[in-house]
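So that you can tell them apart, the chains are marked A, B, C, D, E and F in the order they are listed, and the count of residues begins at 1 in each.
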Amino acid sequence: MTITPAIKRDYIANLAKDGKRADGRKFEDFRNIEIETGIISKAEGSAKVKIGNTLVIAGIKMDVGEPYPDSPDSGVMSTAAELIPMASPDFEAGPPREDAIELARVVDRGIRESEIIEVDKLCIEPGEKVWIIFIDIHILDYDGNLFDAASLASLAALMTAKVPAKRFELGEDYPLPLKEPPISCTSVKFNGVTIMDPSLDEEEIAEARLTVATDEKGDLRAMQKGLNGSFSVDEVKKIIKVSIDTGKKIREQLYKSVGK
Amino acid sequence: MKTDIKLLENGKRLDGRKYDELRPIKIEAGVLHRAEGSCYLEWGGNKVLAAVYGPREAVPRHTQNPLRAIVNARYNMAAFSVDDRKRPGPDRRSREISKVISEALENVIILENFPRASIDVNIEVIDAEAGTRCAGLTAAAVALVDAGIPMRDIPVSCAAGKIDGQVVIDLGKNEDNYGQADLPVAISPRTGEILLMQMDGHLTMDEFNQALDLAIKGCHIISDLQKKAIMEKYQKITEVK
Amino acid sequence: MTITPAIKRDYIANLAKDGKRADGRKFEDFRNIEIETGIISKAEGSAKVKIGNTLVIAGIKMDVGEPYPDSPDSGVMSTAAELIPMASPDFEAGPPREDAIELARVVDRGIRESEIIEVDKLCIEPGEKVWIIFIDIHILDYDGNLFDAASLASLAALMTAKVPAKRFELGEDYPLPLKEPPISCTSVKFNGVTIMDPSLDEEEIAEARLTVATDEKGDLRAMQKGLNGSFSVDEVKKIIKVSIDTGKKIREQLYKSVGK
Amino acid sequence: MKTDIKLLENGKRLDGRKYDELRPIKIEAGVLHRAEGSCYLEWGGNKVLAAVYGPREAVPRHTQNPLRAIVNARYNMAAFSVDDRKRPGPDRRSREISKVISEALENVIILENFPRASIDVNIEVIDAEAGTRCAGLTAAAVALVDAGIPMRDIPVSCAAGKIDGQVVIDLGKNEDNYGQADLPVAISPRTGEILLMQMDGHLTMDEFNQALDLAIKGCHIISDLQKKAIMEKYQKITEVK
Amino acid sequence: MTITPAIKRDYIANLAKDGKRADGRKFEDFRNIEIETGIISKAEGSAKVKIGNTLVIAGIKMDVGEPYPDSPDSGVMSTAAELIPMASPDFEAGPPREDAIELARVVDRGIRESEIIEVDKLCIEPGEKVWIIFIDIHILDYDGNLFDAASLASLAALMTAKVPAKRFELGEDYPLPLKEPPISCTSVKFNGVTIMDPSLDEEEIAEARLTVATDEKGDLRAMQKGLNGSFSVDEVKKIIKVSIDTGKKIREQLYKSVGK
Amino acid sequence: MKTDIKLLENGKRLDGRKYDELRPIKIEAGVLHRAEGSCYLEWGGNKVLAAVYGPREAVPRHTQNPLRAIVNARYNMAAFSVDDRKRPGPDRRSREISKVISEALENVIILENFPRASIDVNIEVIDAEAGTRCAGLTAAAVALVDAGIPMRDIPVSCAAGKIDGQVVIDLGKNEDNYGQADLPVAISPRTGEILLMQMDGHLTMDEFNQALDLAIKGCHIISDLQKKAIMEKYQKITEVK
């Protein structure tokens, strides 16, 4: 149970009163984002995403396996996230804890429920053989806002992934069939202000968190509120609006970096 | 989510409900002997028990917060509560739900009164049919009152969603499986502040606004049922005296 | 390691000297028993049993699976018991501990070894497909004597269970084929007296425990001695006799509550 | 239990034993170097080792009892001790057996002498053929004496059962698999008090009385073998001196 | 974290200065070795090995199972070692710790990589059914040098194992097909001296450990260096030489004890 | 190890290397923000990150050594780093490698300076292609220097092996799979002392002597690359100032 030093809390809160953030950003600004793909030769797809100092790698592996009985014609996906001790002095080795589970589930639902992967095109033999997609997210350096970094890295890895048909003697490799991806933007609230893309210092004093995934048309595709603070309805709507706008910019950068 | 199934016919839902109509809800406070507070709740086909222990010393000790209590909600589905038997023990889904419910409850409990303590909230789903997290949180809130835990407000939860292009309240089982969006929400009814919110599926901004309105409307209706259940328990006690 | 307050021990022991129990029962009396069946719509069979304030739910789920290689024509059963933290301030979440394991194994053996379930009638396709029966026991409120409550709830759930043949497209549902069930009665000993159906307070000062399951004819079908105290041969025989008599009454109530 | 197999022929059992005849038993005390007390026991086709450590501070600390020692018996079957390889590590069966053996041993050890301590009794079954819990408890008792743990008595265990309608002592492997009842018992031989008793199968009251008599009779025979093994160990030590 | 008493360290180190060991052995001497086979009736093969007071049992169980996809014509082997609490006051029950894992892996590699078991002769039906060999090592009494005791017990158990073809209705039992086994010899270093076959006391003050497995021709078949001390190149070469010589003697005893 | 594949042709290896030629190696120090010291290393097709935290109080407390620090190296392969996805979490192989790397690092760190502390070294293999333990240890050493941990020397690791009857340095992937022997070694370059050594396969004494010479030669070459990487990091810092 870490207790954030009162002095840090006061410093950041005082800055916020004047509309400022410790690293000079405006409330609705993201930090600099870097996206690099194709970095793991063994993976079917991979991406490294930096948001400020936060560094995340996502790797896609594919295998041939059985479909679920209730969807015999669909490929299967599974998402795992590890908060490995490399990334932070506070992360411990061992089975994933609540934070890592929430992270993996939010990224997983963001991909699954928005149906980015066209799982119906990943059937090899109905009821018998389908493609299994493993999305593994490695947090390597933790400086806040893992939700957006992990989501973005997963998307970039998926968008550059090749189905390894050749390795399984199923014809030529081909790009993973994908639809247009929603972009996830996370805001936090403290002392009455809401800011986008929190740094670690800002996360540590955050009272409430809201992650909003929106698509190209500005529609909502997923949301997750976190922490024990609350939001008013107006705050939620304001955050959604900023998330739609920011999502557009990030989508452009994502498309550029994957060569679309 | 697939839409092989027609979920709306002449504006009526599969179970005959209108778009803004809740499933039947029954709440009873103080149903268990050992627990310090408890609640039994039926909500449509859901049957949920909640039991509260604490405040007591948090264990293991490294989980203690020297300035306030922590809330450990533990949402669990009985193996027999679903169509295909669930393996006993926590899975990733139940651990995520436990986390978001714990966070929502922490918002209203006067945690500062109990440094180093834990307040343990056990939620058992013994029959499940869509909306168990809303049912669990709603039952947990009543159990907390029954346990005499000091709270700023009694939180309450309800979902809205989208089926066949229509925004509706409180999705039933088929609506959850084959609908287009689900938006569970928990609020503090006194302030209207949002304590829990998750969304899956696809909603335009307009649809989201409608859905959020509906869910909050549902919360207020259920809030009255919570208070009635608590009153009944107190009355019984008074009568016995 | 809980240490029972000496004062409670003395109080209960002194009462016992005068042939009395704290709740007014005689030594060989059970508390009031309530049995309610069909309480879980998702389960193939279910029952809620209250013995005094002890509350237990048992649910039966069935599935189609493979038989064991050494009994290719027989259905398979498995019993699990969870001492969930809801039931007592002393129960912890996590994998089952010795107490829960002993409880589940004693209930399981009571059903398995007395051959209540006619497993040979649960074969669908010899060597390939048989019915799998899961008995899951949930302890919801713990005020002593879990062995008998769990056993009785399991029996009531089994006796009202339907084989879900329709869901698996194997014809119409039909009642689970069962033989006559043995009834489990538990006694404990402290300060030289033996009492039936211990409450939690009595369990906490108990030195030895004996669970005896008997059938309609008064034959023995299962026994389990527990705790680090001992019994004389005469004490064992006396407990068996009372268990046969009490078992008859409980069997009548069980039959009535399941409509037989 | 199925009875496809004829277990009795002309009053003789499959291995030629009479109804009240034990399988051959061999007991040796003090067979290990590191352990504070140990015992090797062969009983029919069973081969069992028991080793005792302690009294020593109980860990983890929350298991300590401030008024007396606790006994941790750990019954374990080697992976290669059975026909189909057993996965290493404790399963539900071995944990239940560990519990009932611990409880039986606690009855005779002078626990009050060692507050906060644990006495750890490790029982390894390296070859298994029906009756391993009786063999394990009997070996553990000898190992406890060898370790110098103060006890009121040396507990001892033996089973009786029913095969082909006949009550017999000390079931062998086929008798255990295809018999009609099994009744393992442990006693304190000095007082005749029953420390462990379990029963599976089907016995009339008359049969139970016979079976209990037989099992207790067996216990007393084995008790003599235990004492002989302990004497031999002491004699060896005296001779060496 | 055990701290070896300084007095024991000094005593052993002082002896070593004079070329002596506490039990009278020379630096390159093994303790007395006893090998007994066929001790477990339920096992396909078994052996008990004593090196001084260290006592290890190895048991071989075989089953029929599927081959690995990348070697469809080969049997499969797996090695497990348990440092059970029986063997030492310092061993705890529970999942294997680093020491047990290293032990099992070194024994496993010693058998696997030197290809003692002719796995290509253990195919029953290519790609479908092969023999699975489980080597289970039980440490019963721990007085130092588990690596060599475990390795020797495994070899003796393998060399006397019978493939249980009859039990699986695959013809008559026959001896497990084996090649000539390398012999493992372990040395440790402390205070500048290196000694063979350390006792527990010597292990406790050891700074570095080297296990060397050599074959009949005196070739190297496996090595494993352990502990946080270091060896010079010359020390390594000297240890190898002694290991080759000692290995020859142990091999003779092993062959004699398994009747070859 | 099987030799279905021709690994040597006219004295050249599959990837064109000579018998004593290393794969390309690239080392960068100080690549992570949170860690106290870090290193990124590419070695042939291997990509490895190492990060150091500490010295800090060792937890759990029973692992503390009152006289010196302990080193916890944790070698981990990412699920996507190998052809067939690896299940996340430690397996027996990674735990053994973690152990031998921890022991090698303990040799050179001035442990006595930090009683009761742990120095935690996290090694993540994100792309794997033979020789990851050598790559991991070599990266860890640079990360330790970057973290300012006092050391007697900078350890370094390299393997040699045998393919098609020829002793060669630094096995590549096919050479590792189809070769005849592998000998990973780590040394303290200042003294030449051997800190880590493992061997699998088949080597005559002569071949072993050659292989050990080659591996040590490789260590010295890589040691220079380590030092260069550290210098570059310091220069950058100096330039920034």
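Side notes on the structure shown:
We take it that a residue touches a chain if its C-beta (ideal position, glycine included) is under 8 Å from a C-beta of that chain, and two chains touch if they have at least 3 such contacts.
The structure displayed is predicted, hence computed values, not measured ones.
Contact with subunit A and subunit D alike is made by no chain in this entry. Compared with subunit C, the chain whose C-alpha mean position is the greatest distance off is F.
On a Cα centroid basis, the chain most remote from subunit E in this structure is B. Centroid to centroid, with C-alpha atoms defining each point, subunit B and subunit E lie 58 Å apart. Subunit E and subunit F have CA centres that are 27 Å apart. Measuring from the averaged C-alpha position of subunit A to that of subunit F gives a distance of 32 Å.
Chain contact topology: the protein chains form a single closed ring, every chain touching exactly two others.
Around the ring, the chains sit in the order A, B, C, D, E, F, counting from subunit A and moving first to subunit B. Against subunit B, in their complex, subunit A makes its touches with residues 1, 3, 98, 101-102, 104-105, 109, 113-114, 210, 215, 217-233, 236-237, 240. Subunit C makes touch with subunit B in their complex at residues 39-43, 46, 53, 55, 57, 59-61, 63, 80, 82, 84-89, 93, 95, 134, 136, 138, 140-143, 167.
Subunit D meets subunit E in the complex at residues 32-35, 45, 47, 49, 51, 53, 56, 74, 76, 78-85, 88-90, 120, 122, 124, 126-129. For subunit B in complex with subunit A, the touching residues are 1, 62-67, 70, 92-93, 95-96, 98-100, 102-104, 106-107, 183, 188, 191-205, 208-209, 212, 216.
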